[in-house]
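Let me begin by presenting the structure, written as structure tokens, before commenting on it.
Chain nomenclature is as follows: A, B and C, assigned in order of appearance, with residue numbering initiated at 1 for each chain independently.
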Amino acid sequence: MSAGVTLSPAEHVALTQLCAQAAHLADAGQWIKRAELFAQDCLYLLQPRENFDRGFPLATMRFESRGMLLDRAYAVTETIFHEPYYQRHMVGAPLVTAVQDVRIHCEANYAAFRTKLSQETTGFNVGRYVDELVLTSQGLKFAVRRVIYDSEMILDSIIHPI
Amino acid sequence: MSAGVTLSPAEHVALTQLCAQAAHLADAGQWIKRAELFAQDCLYLLQPRENFDRGFPLATMRFESRGMLLDRAYAVTETIFHEPYYQRHMVGAPLVTAVQDVRIHCEANYAAFRTKLSQETTGFNVGRYVDELVLTSQGLKFAVRRVIYDSEMILDSIIHPI
Amino acid sequence: MSAGVTLSPAEHVALTQLCAQAAHLADAGQWIKRAELFAQDCLYLLQPRENFDRGFPLATMRFESRGMLLDRAYAVTETIFHEPYYQRHMVGAPLVTAVQDVRIHCEANYAAFRTKLSQETTGFNVGRYVDELVLTSQGLKFAVRRVIYDSEMILDSIIHPI
């Protein structure tokens, strides 16, 4: 991780807004709009930290295109029967770790809270996003979003992407 | 929610600082100074997500002017007897959703933690701010702050604004 | 706390990136690299809010130079036997409270989560950073970082700096 990389303040704003949008659309359950924040050709990975650190491929979720994200959007809203819960994502400032031509590498810590009907809010998953962003003709998009979580003990199950 | 709206980087800084100030003044119990971050003519609303989403008016707190906020400031520091607790607010990056002339619409996720004397810290309330900010002769101020919380199960009670 | 202080947007970015780096390096257990974010002549203090507010000197950790931080880095990685845990820091936007020549005073709320092997994530410490930053020939560095925590009930123990 290096602080030597410099984006312009306007680029930092765009980056921060994109990360905030991903969080807000997830929390609002707007999974189709959220999928549109990803490039057509993309990778979304939800993986425990232990596997990521050791380079193991096993992941809790792996979507290898925007189409697969849209498929999950359909699944979570139309086909999966589960106890409903709200998600709420807190996302830290994206730390820019490298910039290569049109690709920005950055990481941001997150904490995802879950609230079930008539129950207390619980913090159910914390970790970090390891992202690669690309500038497309439709604006800044996620080319790669790896969600690397510390919380290896998963209560119940993870239905929605984080 | 749209990423197409553009404020200047300096305006984003002002917006982010105002939201941070609101959090820090609340956490320091400086309720009078915090009320001064609001326009004279303002609305502060604390409302469960379920009511907000359905357009129901019922709110846990509703203050319709800076004067009412100052009244609450007086109440919480001088007249209400309750078990003391610290608040600590984590606030996400404000996502700008619309800009109309001098009015900025933005949303920010929050998580409020509560710490009672000699007890563990608990996350007691999470949700999002749905804000409208105006530029006044005294700088950027909250015209509307709606605090929309996911946590419909409230432990004990909410004494302080969030 | 005053919003009247103005840094340039580029300076705000540098400040935010430095705070994010400190969080990410701590979470990655890279304590030596993290110590290098501090000026040679620095102060790191971990102190309960009650003591800080009353001006009491007693602190849970007090490191008075980068050398002492490096000593702690060695201790936590090489000499202290403890049940391993991951840390994850959520850090709010740094609120700039004063700027004097080359010294920036700012505060940022934080929540530190702890995850032990095969256990649920718990929020174990929340509070605020009260920082003083200086611009050195190696870039922006922490001259003073006071970690003032609300959570006076500490479960188990605090091994790693926060």
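Note that a contact is a pair of C-beta atoms (placed from the backbone, for glycine too) under 8 Å apart; a residue touches a chain by one contact, two chains touch by 3 or more.
Just so you know, these numbers come straight off a predicted model, no measurement behind them.
If you draw each protein chain as a dot and join the dots that touch, every dot ends up joined to every other dot. For the two copies, chain B and chain C, the CA superposition rotation is 120 degrees, given to the nearest 5. Copies chain A and chain C of the same chain sequence form an interface built mainly from non-equivalent positions, shared numbers / all numbers used being under half. Averaged C-alpha coordinates give centres for chain A and chain C that are 26 Å from one another. Looking at chain A, residues 9, 12, 90, 93, 111, 123 sit in touch with two or more other chains. Partner chain C is touched in their complex by these residues of chain A: 1, 3, 7, 9, 12, 49, 90, 92-96, 107-111, 123-128, 150-153, 155.
Chain C contributes residues 9-10, 12-14, 16-21, 23-25, 27-28, 33, 86, 88-91, 93, 111, 113, 115, 117-123, 139-140 to its touches with chain A in the complex.
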